[in-house]
């Protein structure tokens, strides 16, 4: 089983030199910590390319936040732009990768991560745009919900964020690729048996 | 009969304090000379708001031209932007007035000013966008072509730039408004009789 | 022409507010919001508003203040965030919400300002966002038709402005502000500094003056929603 | 990642040119044209090009050089201007020309770069431009559907750039360049100055580096088409 940090570390293997990447809120944000010396450029959909790390206390600036509303810092390479230009970049396929969280993922790559009818409404924010526009979509999430039920499903039960958009899912149990016929196990976390994954996964698993 | 300069002076009466205005190539360009102390802002569709006069010789800058490719100067208020933003401004109805030249105008406000099939092709440039987007369109042109034929027609014979887009036409013979049923004579140039205008105009004239 | 600068936020909005109107507001979370114009709108008591904005601020700041005062009938937004009043009024049915993908919302505002009544996007295809919208296939991919948005009034926040209405935004406080500025039949800006005309860097004027009808100099609290720092 | 800066215009285009390709070029008249990249394209001998650009320069400079060398099969443009070769090749049928209203052309490029396959505009309704295009009524007004444009290669000219591909344009030499930069599957920029990363004013980066794949520092002749001055 992987911890949150280990899931982020695993997701960081997606990063390659020269990539333009958008990281979602939560575990995806942690992925940047594991980029190592790979030269990637982070996009923040509220209007920034070249997002830096959290600022030192004395550099906190209310006018400089990421899409998760957290204060951040700028880099030498940073540029700023309007929301419409930011999403032109996203929708137009200019970002190589987006790593996002999810409530549910289906075996056909459907994604649900923006609302639970009658209970919780977060809003889709930029997620629908990111999954429709980025070249590659990787989801990082717990394998099961707090009731122990699989979040990797045959069909999503919640309202979708996108249809057939997910390329890869990284959970605390392993790494799964969306392929024809279901999810193909790319690797399992240490100490996780194939049998255990099968019992904890509703989606069809393909070897 | 008005000269070119007098036609421009006449057209300048359209200008009011605070207006954003786009002036076409030719006589329309001269209109700016007659703005007097009215505070208008000229837009140039190649990407400039707040166009200044022609530069002094020592200030000529190849990177600073108007839509007619002429070298110009900037003002304190000037801003620059991309072509798509320039036409967002135009198409979105943010300009109060455009004054353009024409080959033909019809009594229903159709305009032709971009090509003569088989003979002359200028291209429409920004004219189709301007006539579709600006709040008011005023045409300044000679009343007749070089063969002495009326350029104010019942129907345009040349490919259109826009349909039903012209509000007013200023010619060397007078000022004409496009109204229901034809062109209404607003005023005649000094020495021009109603009879003469009638004989030189194909379009229906309404009093 | 009346000069664009006004003395106070309420004077900047004078004669522009009416019940049932649509207002587009720049800002993302509490970053780059026209906070003083929002206060003036709250104080005006105008109601039955349709508000177009990425989100609704927080419970007690930004557009959340208009929610709290029950002045908003409908939100056109992409995100609820940590605004419990927003979520509760929506779930209880007291507030109508039209959720838009964030990029679709931004593009709809730009389109409205640019005279484009509709455009196609793949964003939202196969989701509830696509329901009742025209679908069209281009080059083998399915897209939905989204409409341009025009607001009766847009309120925006800029860093610096001049009396011609030219605006420069600061860092990520730009966000939806330039798009909203374009989409307003009337646009009012609040700025931190009013510079003499000509003093703004011409290469960094993000909103040309033609889009701004009035502006007012204000002092912003600039509240921070999530202060995150790293160890020194 | 290979670094973005390249030593010469021809190296900046290495491996990107092929017969029958579509090239979008920034510039307006002779202002802000990627003149050295155009020369390198001429020298490459690539042919059967579809070129998307506002106009075709003049007979002996800018894109006019590619017309002269008969490398262009089709122009997508808004204006012929005083380019007699352009007009004559068109009228004789040697050159296919798709005339676009200038604003439609700019928006088509932006749309292509922004993942928008189509948008509606009132520009051109009732003219030959509208022929064979879908018409649609929004709120009582008729609009036509225009398509987004994507080019195999975009070539642009900027004033200053950095190794990340960030670009700042100068005055009206900006024109179509930012829109073309967005619309290219690959975009190559020529710049007058390459500054260290971080030296460009971040508020005046008109094209963020993500849109630029390669760039090259060049010396531009910057020919003036119509020198107009006033008396001292």
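Note that the chains take the letters A, B, C and D in the order they are written out, and that residue 1 is the start of every chain.
The definition used in the following text is that a contact is a pair of C-beta atoms (placed from the backbone, for glycine too) under 8 Å apart; a residue touches a chain by one contact, two chains touch by 3 or more.
Keep in mind that this is a model prediction, so the values were computed, not measured.
With B-C and A-C as the two chain pairs, more C-beta contacts join A-C. Among the remaining chains, the Cα-based centre furthest from that of subunit A is the centre of B. Each chain gets one centre point, the mean of its Cα atoms, and the points for subunit B and subunit C are 35 Å apart.
One simple way to say how far apart two chains are is to compare their mean CA positions; for subunit A and subunit B this gives 54 Å. Here the CA centre of subunit B is 27 Å from the CA centre of subunit D. Listed for subunit C are residues 107, 110, 114-116, 121-122, 169-171, 202-203, 206, each touching two or more other chains. For subunit B, residues that reach two or more other chains under the stated contact definition are 74, 80-81, 87-88, 90-91, 132-133. Contacts between chains, counted with the stated touch criterion, involve the pairs A-C, A-D, B-C, B-D, C-D. Against subunit C, the residues of subunit B that register as touching in their complex are 16-20, 39, 41, 43, 49-50, 74-81, 87-95, 132-133. Residues 1-2, 110, 112-116, 162, 164, 166, 182, 196-198, 202-203, 205, 208-211 of subunit C are the ones touching subunit B in the complex.
Touching subunit C in their complex are the following residues of subunit D: 107, 111, 114-122, 136, 138-139, 141, 143, 147, 168-171, 201-204, 206.
Against subunit B, in their complex, subunit D makes its touches with residues 28-32, 54-55, 77-81, 87, 90-91, 97, 99, 101-107, 109-110, 121-129, 159, 169-179, 206, 222-230, 232. Remark: subunit A residues 44-48, 53-57, 60-72, 74, 80-84, 86-88, 90-91, 110, 114, 118-129, 132-133, 159-164 touch subunit C in the complex.
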